[in-house]
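My questions all concern the structure below.
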Amino acid sequence: MNSFANRDGAVVVREMIRVIGENRAYLSEIDGAIGDGDHGVNMDKGFSLCLSRVDWETADFTTAMKTLSRILLMEIGGSMGPIYGTFFDQIAKGAKDRERIDGSAFSAMLGSAASEIEKLGGAVRGDKTLLDSLLPAVEAFDASFEETGDFAKALTALQAAAEEGRESTRDMVARVGRASRLGERSRGVLDAGATSCCLLLNSMAESVKELLKEE
Amino acid sequence: MNSFANRDGAVVVREMIRVIGENRAYLSEIDGAIGDGDHGVNMDKGFSLCLSRVDWETADFTTAMKTLSRILLMEIGGSMGPIYGTFFDQIAKGAKDRERIDGSAFSAMLGSAASEIEKLGGAVRGDKTLLDSLLPAVEAFDASFEETGDFAKALTALQAAAEEGRESTRDMVARVGRASRLGERSRGVLDAGATSCCLLLNSMAESVKELLKEE
Amino acid sequence: MQRFVNDPSMAVEDMLVGFLKSHGDLVEGTENPRVLKSRTAPVKGRVGIVTGGGSGHKPAFIGYLGRNLVDAVAVGEIFSSPTAKAFYDAFAAADGGAGVACLYGNYAGDNMNVKMARELAEEDGIRVMTVVANDDVPSAPKGEEKKRRGVAGEIFMWKAGGAKAALGGSLEEVIAAAQKAVDNTRSVGVGLTPCTIPAVGKPNFAIEPGTMEVGIGHHGEPGIAVTDLTSADEVAKSMVDIVLPDLPFKEGDEVAVLLSGLGATPVMELYILYGRMAALLEEKGLTIHRSYVGNYFTSLEMMGATLTVMKLDDELKELIDFEAESMGLTQFGR
Amino acid sequence: MQRFVNDPSMAVEDMLVGFLKSHGDLVEGTENPRVLKSRTAPVKGRVGIVTGGGSGHKPAFIGYLGRNLVDAVAVGEIFSSPTAKAFYDAFAAADGGAGVACLYGNYAGDNMNVKMARELAEEDGIRVMTVVANDDVPSAPKGEEKKRRGVAGEIFMWKAGGAKAALGGSLEEVIAAAQKAVDNTRSVGVGLTPCTIPAVGKPNFAIEPGTMEVGIGHHGEPGIAVTDLTSADEVAKSMVDIVLPDLPFKEGDEVAVLLSGLGATPVMELYILYGRMAALLEEKGLTIHRSYVGNYFTSLEMMGATLTVMKLDDELKELIDFEAESMGLTQFGR
């Protein structure tokens, strides 16, 4: 199939929770190199709360995304609360009232998520933030989907671009957030937010590809 | 000679000022082990002030001692201000109106200095204070002077006893002053006040012996 | 790490317990454990004053809860913005029907969380207007003032807003007064040592002994220059020289001055700095109407200081002199 | 040494310049540069309150100069008693004809200098009576209370004495009130890091990281035990367990509590300690009538805290609740 049912999609959120849990220490370690070493803790705090708040038997894609978004927005604070909260809020909004989610719906969700995050946080590409994973990933998805019309293929393109984007932060100098304090010394290590964003995009892509296969 | 002229005696004070200046860091270091590490600074502040307050061309022993005493009492504070202020005040008082200072005058001065300090501070021998240098030194002076009638010899006895007294504080447990709250842990190091007192007595003895030789 | 903590990740919770215990006459908790309010709030018909921010800045932010000052505070993790929900709940706790003035500092997280909270509150019919303190001169060049961080100048903003609300000002008037305070306030910070977030366990930046970082932020954000640590008089001069030309302050101006320690610098040394700063201000023809010297806005156990100067007019003078009672600032009216 | 000083041996002088500049509404200088007085003193017919001690303890001692508190202060070098002359001049500055209550802490130097100053003052017809604070429990065993140091409990002594004088008490009554405050007050300090006197340039004692020194004095005088630095809750318990049995405080007592930082410990952590201490006191059946948490009596940039508990009766309650205005302590009357 070239779309998945909203009703089946909560698994996408449950998988992201698992991935963040598994990478808690790794993300904090990356943040520790040039930030304050709490990115994994911050993320896992929000994501793990979500595990017990969603009724996985009944929740659909929209509900699970909405719940995750609300928890991040309402209970996490910092910058990651509102930024990832906005991310998943835009996805939930894009999925609302849709029985099935297809490639163009997915493209619209990601697109508005990225632009809302840009607006909210004021960072731009190259500032060494999660946008350096997210923006290329969204563009790659759109280009591939426009060319092929194939949702799954576009997701694979997204994954490759997100990883490339994450790697690209290694050679960037941080211009926003705590790491910006280090100037040139922030070069040479990955950005924590770009790494978590890549993990999340990867996980979403894998989950959705499974859903597309199943039907 | 067996006495020195009051008019020549200001050098005794000037030498003490020099000795305290030279031992500023050393005295603070000793104080640091069981006190608050400022004994050298405290002492040098008062003594060095005295350097510019005395007219060394005209001052005699009495005037120089009186000036030192007043500076310590009025301008130095701490414990050392009143204690050493009292010390030199008693010496100045004992020398007042004397053209020459002989061994029995010197003995009287030191004796009243020691007893006034005992009264003021309430410490007794064995409390690990400067009294543990001063009291044995005074006794040794008196014993030797009584026996030999020789001022210079008595001064040498004073020096030996002061040093022995200073060393004796190493094995004492402080019972007054800041160090007293240490209990057993104050054992094993010299007392700062006993060390400065020994330095001062030594310096006085050497200066007076020079004066005795000269004439 | 020589610190008094239990589980470091619960440091803020543990702190709030003690704070509420000690200041129960002035402050109380709310249903949201991360929102504290003044016992006097809300007053029907009086504008509510809200602020919030990361923890670790004592007395800021909760220390300014009290009479004629701040009515409710959203409490974040150490050096991390409170949640949107905390801001929202603080708005609700402070609202006496006349609207809420949210007076906070210019940090990415706070901007985002306040923005979202405000949307929620307005859906619920609570009017919220904001003033964003941006008094920290070195954090962006002239012409880009909007990018500057808020530092200890926030205290003048709260003082002005809180007094205006107590005097019966409308929301627009309270906002105008707080904005006037911010517009007339400039600050600079100098850092001498870093600080350690207990949950992290090691300093999250470094300052070489013998050097100082001029223009440092309240969380160790980078300054504009790392120089040799010179005498207090020279440090005072370089701080005054950054603050005065920026507004600019000019001969004849009356000013309020706040010199805050960053945490571990002995207050004695703040007075050493202040003596020189006051002389420099007076040499430039400024009149110091009122001064505050002490630990008013700190960064855990950082060593260093921030200088804040506010240009006064009759209104700001009345507001700054107004009686106030809180843990961080208690003064009789003049 | 990351510190704001000019010539380290002039640190006290430089500090006094800034202090007088900042607090000119409350405090003024005298002919003796080492004596500061409250602007409200002397009041004809009112007992004058004098204290004094070494510098480096801000707000103590000069920070308690003001309305209904201390009238004149003799200022010493850092951690060193003021001169006899300074105490004498402070007596003269505070005397309104009804005599002077000299309320100070039990340190050898202060004892000697006060004694000499008192002799001078009495020659001049100024009546001086003294109370010597000795609230620090670990500094000498029970039965030898007279040997104990005075620490933050001095603040309660000044508060009681200052209020009693303001209420028109005679010299004997003021002395009795201050003595009652001292007799009912017990303290203990815990040190986590040493401090450096700028003129010395290096810490004058050491505390191994990971350990704490229980019973430490305000100048780093060694404590009774060096133990592992445990959790805030455990530290709170060990401090309470030293203070309470000594008086002893018993079920049903009303108390005032003062938890002071030693300088560099973040105030956040004082609240963490206080939360637990308050719970422990309440578990023992004590009622906390009033609490003070903050940097009230410090030791330069030492990390650590002192706990002070005073047992109250009706008189002490009235005195502790009395209105007061000073740099270190400003409170509205109750």
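Note that the chains are named A, B, C and D in the order they appear, and that numbering of residues resets to 1 at the start of each chain.
Definition applied: a contact is a pair of C-beta atoms (placed from the backbone, for glycine too) under 8 Å apart; a residue touches a chain by one contact, two chains touch by 3 or more.
Note that the coordinates shown come from a computational prediction; the quantities given were computed from them, not determined experimentally.
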Which chains lie in contact with each of chain A and chain D? C
As a multiple of 5 degrees, what angle does the CA superposition of chain A onto its copy chain B give? 170
Inter-chain centre distance, chain A versus chain B - centres from mean C-alpha coordinates, in Å: 79
When centres are defined as mean Cα positions, the distance from chain A to chain C in whole Å is 34
Averaging C-alpha coordinates per chain, one finds the centres of chain B and chain D separated by a number of Å equal to 33
Just give me the whole-number Å value for how far the CA centre of chain C lies from that of chain D. 29
Give me the residues of chain A that touch two or more other chains. none
Among chain C residues, those touching two or more other chains are none
Please classify the inter-chain touch graph. Allowed labels: line, ring, star, complete, other. line
How do the chains pair up in terms of touching? List each pair. A-C, B-D, C-D
Residues of chain A touching chain C in the complex: 32, 35-38, 41-42, 73-79, 81-83, 85, 120-122, 176-178, 180-183
If you look only at chain C, which of its residues touch chain D in the complex? 1-6, 11, 14-19, 21-22, 55-56, 58-59, 192-193, 207, 209, 212, 229, 231-233, 235, 263-276, 278-279, 288, 291-295, 298, 300-301, 303, 305, 325, 327, 330-332
Which of the residues in chain D come into contact with chain B in the complex? 9, 54, 76-86, 107-109, 112-113, 115-116, 138-140, 147, 149, 197, 199-200, 204-205, 217, 219-222
